[in-house]
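A, B, C and D are the chain letters, set down in written order, and residue numbers restart from 1 in every chain.
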Amino acid sequence: MATRGVGGGSARQTHHLTEERQGTFHYTMGPYSEPVLTVSPGDRIVVETRDAFEGAIQHETDKPSQLLRMPFLNPQNGPIMVEGAQKGDTVAVYIESMVPRGQNPRGTCCMIEEFGGLTGTAYTAMLNEPLPEVVRKINLDEENVYWSDRVTLPYKPHIGTLSCSPEIDSINSLTPDNHGGNMDLPDMGPGSVTYLPVRSPGARVFIGDAHACQGDGEVCGVAVEYSATVTIRVDLIKGWTIDWPRLETADLIMAIGSARPLEDATRIAYRELIRWMVAEFGFDKWDAYMLLSQCGIVRLGNFVDPKYSVAAAVRKTIITR
Amino acid sequence: MATRGVGGGSARQTHHLTEERQGTFHYTMGPYSEPVLTVSPGDRIVVETRDAFEGAIQHETDKPSQLLRMPFLNPQNGPIMVEGAQKGDTVAVYIESMVPRGQNPRGTCCMIEEFGGLTGTAYTAMLNEPLPEVVRKINLDEENVYWSDRVTLPYKPHIGTLSCSPEIDSINSLTPDNHGGNMDLPDMGPGSVTYLPVRSPGARVFIGDAHACQGDGEVCGVAVEYSATVTIRVDLIKGWTIDWPRLETADLIMAIGSARPLEDATRIAYRELIRWMVAEFGFDKWDAYMLLSQCGIVRLGNFVDPKYSVAAAVRKTIITR
Amino acid sequence: MATRGVGGGSARQTHHLTEERQGTFHYTMGPYSEPVLTVSPGDRIVVETRDAFEGAIQHETDKPSQLLRMPFLNPQNGPIMVEGAQKGDTVAVYIESMVPRGQNPRGTCCMIEEFGGLTGTAYTAMLNEPLPEVVRKINLDEENVYWSDRVTLPYKPHIGTLSCSPEIDSINSLTPDNHGGNMDLPDMGPGSVTYLPVRSPGARVFIGDAHACQGDGEVCGVAVEYSATVTIRVDLIKGWTIDWPRLETADLIMAIGSARPLEDATRIAYRELIRWMVAEFGFDKWDAYMLLSQCGIVRLGNFVDPKYSVAAAVRKTIITR
Amino acid sequence: MATRGVGGGSARQTHHLTEERQGTFHYTMGPYSEPVLTVSPGDRIVVETRDAFEGAIQHETDKPSQLLRMPFLNPQNGPIMVEGAQKGDTVAVYIESMVPRGQNPRGTCCMIEEFGGLTGTAYTAMLNEPLPEVVRKINLDEENVYWSDRVTLPYKPHIGTLSCSPEIDSINSLTPDNHGGNMDLPDMGPGSVTYLPVRSPGARVFIGDAHACQGDGEVCGVAVEYSATVTIRVDLIKGWTIDWPRLETADLIMAIGSARPLEDATRIAYRELIRWMVAEFGFDKWDAYMLLSQCGIVRLGNFVDPKYSVAAAVRKTIITR
């Protein structure tokens, strides 16, 4: 799809969306906020993102319940206006690089009361006592995430939250849906392209929620959250209308669904992938359906947010002739 | 709870929110729209609501797919500002009466493609062909709903969609959540009081979606939708903070949850009801939990919207001494 | 449907299925157990049922975790063989009366670790500490259930678990499915008729789990469980094939679905009800679907068992001409 | 865990469970069927499995609805008795090899009415017309699966259905649960070890449902089903009690959960994995929970069976010191 972009594959201009330029971060993605930047299709943007807790959690003795204030979580940079973007188009976001910010970069993981995959929550309401609050501060660099004395994990950066604006709604930055949002897919890292449906003039791109690494499903509810300098290119594909976000990596095309229950997210993802294979790769619908039953790949983004995110994927080598 | 209202139980003033005064209807409920009216706690408001299709479906030969334009469905009157309402307060909406509008009032029911309880939808994505589009226009008066030659149903009017604004989000009028929204509870009719959490200055009350009658769950996705003159009183309870909407009828107190899957909506409703019994009626938590296991009443609002709504209720005779 | 029974509406013979005659109770319903009784269609059977804990919980200081031994819970009487019953037929179980057993009848309610609607369970696995174990012993008679000093509830007896055997599976008595099982519907009381699909020669009827009363959803997981003398008549409808259990009361016909998530149980129930209205009451399929959207009644049996049970109902006055 | 087996890692004896010796295949797994073989812990068994349709679908013009007869699907070999196995023990099944049977081995894929991930089913009941019936016969060998002129897939054989008997229930071979059953995990191939909880004397191992390859989730409901000669070794680990099946490959330890909705299957899998890490690898519970949020791997077995199966995994390199 990349070759269809208005920008033609090369960045004309590089913009710097520093914290200062951003000013106020956003906690809801919609058509009602003031743009911070306008770019041409193909332009590069260097974005200074804040971690999902906006730096509020600094010590392992901190209590998230005392420092976090719903719904002001998961701060987003943007909205970035893309010239010429109209409802019915698609924006392509190339993630070029993600570099930790600061001298001694540290990430944060924590257990938050009534949040996470193995606890009662505001939506899966239980009478049990909440789990304890636990905070982990984790040193990291561009090679590794130093989880503990015992465990070191590779640095696998990706963007947790990426969106264009809905048409008339404004959706908090914790919730993924068909506009994108808090999808938490580990595949959305450097080298990937995310396709987002444009529903509002100028597209209004929001980005944030950098993760230094994350497991499938983000089971405790929190990844290694960190502040990053994220370099992206934003291109525009005119007249390509998609219903849900899509993702492309070196090896895969992926369609993303976000819903509850989790099977509905999976259904959306697989149906969108079939539609993609039919529309762009010449497959018959039933052949695609039965073929994916043999070689489809499912990635669980998260099953902890207000909606859950799943990607259904297929290897490019299988679908291209 | 009613006795706690600032308004003191009697309406000082009656406002008329006509179609003309309303001007543009709203399809998303949030803090970003222009108020159409400001009232004092206790005031009465006579609201001219439009049917959920805004009158677009007039004939049984009409095709909803040609006439309806997502997300511009389920038009809402408002926002109505309530003087003195602040985050942490609760608004009480008394529905006093609902009268069909027009000379020969007719309601509308229809089957909409990929919408309803027994069909694949945008969220429960299937590859099956959609169900046929069928439109029913139904004569009605303040006594009856004349469904067919064979079946006449009693007129049981209620409000499908009632909300205060979320704090920072703006949520389309098809979706219920903890702000209220499209709950579709048949108990929300004349004689009932709905309690809604205030999260935005002035509360910003939205109302619409009158139903002449509706079955539990609204299984085909559509009730008998009609235009009504709805008379409400809006009172304000300072300092009473609730997490989810609640409802009071002559016989019942009801707590409402909206979520997917349906068991999560039910969990929320029952947990909120237990919290209400503990906080206001002197029950021990475990006693309330076990007692509701013997006498709790569950009402299914809808299982067709982007989130499903359930009310858990208990008879007042059981909980008051 | 009743008039179609082979038994012709009057009981030829009355059988007594005492505890002694029952001998070993059953905890799984299938085709592999020894029959305890063979009856002719229309015969009356007086059954001595044990409470769901088989009397193991006698004091409010008891700990269910020490006294209950999975999967040996919810003891069932039966299997009762019905002469002439073949796969494809339907058995009709008329509940005539339910009388508490013993001199000073007491029911039992309790909170069981990792069981119930508002707690993590074996299937909705959480890391939270379990809720406390609480036991309530409740005096009752044929008028009332004496819940506490404060609350007295009416005696509303019903059968929690009623089944014919599956064809080849044997299903534990905690789980409802299309064979019947642990449906926990408060409507299944004296005066009701339950229709169960026959899948095994002789039908193999199992019955147990008497409740002195129960709220919608059985939220804490346990009703007022008691030992009862249950008088039933069992009739046979040849050649009437149903996929899921159905229920008839004085006012309603009800179709029952059991599944997770709860919306799937609701879908099954409504689809079966539509099929019933089309096959037996002359409705067009889409008319039935849209009509139930206006007057359907949903009853939540339980949302605490391994599968959840929902009944969808319609008033007989609406569907009969 | 392997090293703990009674069998000590080497097979004393090799048994041949041919079709002839098997005689009648089984469609339900429980304690009520006649053993076909008794083995010592550590013994090797060469099993001739039939495809999931028992060879009934031979031509692409066949109609599954005419040839398949519920519940007689997915034939299982067994039960195989393991000497010394008692409730509370664990059986370890090593899959050594899977070879296609017959001269010109062909697999079968098909679309079955009301079965699959993107269609209404018996449990997710819809009113939509079913999808068309489509049959694919696929040539295969030990290298490749020749899907179509366009697509060739690698041969990645695995076992779809593997179980020990439940204690008192008998569960049809389409349904996975905590006894194992129809889990459809592509990781369960040659080189893997599956751990199954013993609940019945002799364990009663059942095996069947060979797949030449399968995508995550088995989206159309059917893999490339084929008849295979499966060589396994069955060992016994005394006194190791597990609640759900587990799996070990060269790189991973995996815990398997089967439930609906899909998030519940995922919750079970992750909780069991945490318990494993705590019990056997010296992790603190909260550390394991938060660590898996960074490096957990989720595999979707199927989301098409009566219960869905998910595995949660972690790399051995991360958890071993």
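Keep in mind that, in the parts below, contacts are C-beta pairs under 8 Å (C-beta built on N, C-alpha and C of every residue); 3 or more make two chains touch, one makes a residue touch a chain.
Nothing here was measured: the structure is a model prediction, and the numbers come from that model.
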Mutual neighbours - chains that touch subunit A and subunit B alike: C, D
Comparing B-C against C-D, which pair counts more contacting C-beta pairs? B-C
In terms of CA centroids, furthest away from subunit D sits chain B
I'd like to verify one number: the distance from the centre of subunit A to the centre of subunit C, where each centre is the average of its C-alpha atoms, in whole angstrom. 47
Centre-to-centre distance between subunit C and subunit B (centres being mean Cα positions), rounded to whole Å: 34
Residue ranges of subunit D touching at least 2 other chains are 118, 124-127, 131, 260-261, 267, 270-271, 274, 289
With chains as vertices joined when they touch, what's the shape: line, ring, star, complete or other? complete
Going by the contact rule at the top, pick out the subunit D residues touching subunit C in the complex. 27-28, 30, 32, 71, 122-127, 167-172, 243, 257, 259-261, 264, 267-268, 270-272, 274, 285, 289
For a test of understanding, state which residues of subunit B touch subunit C in their complex under the given definition. 109-111, 116-118, 131-132, 134, 136, 145, 147-148, 150-151, 153, 213-224, 260-263, 266-267, 270-271, 274, 286-287, 289-298, 300, 303, 308, 312, 318, 321
Residues of subunit A defined as touching subunit C within the complex: 118-120, 124-131, 261
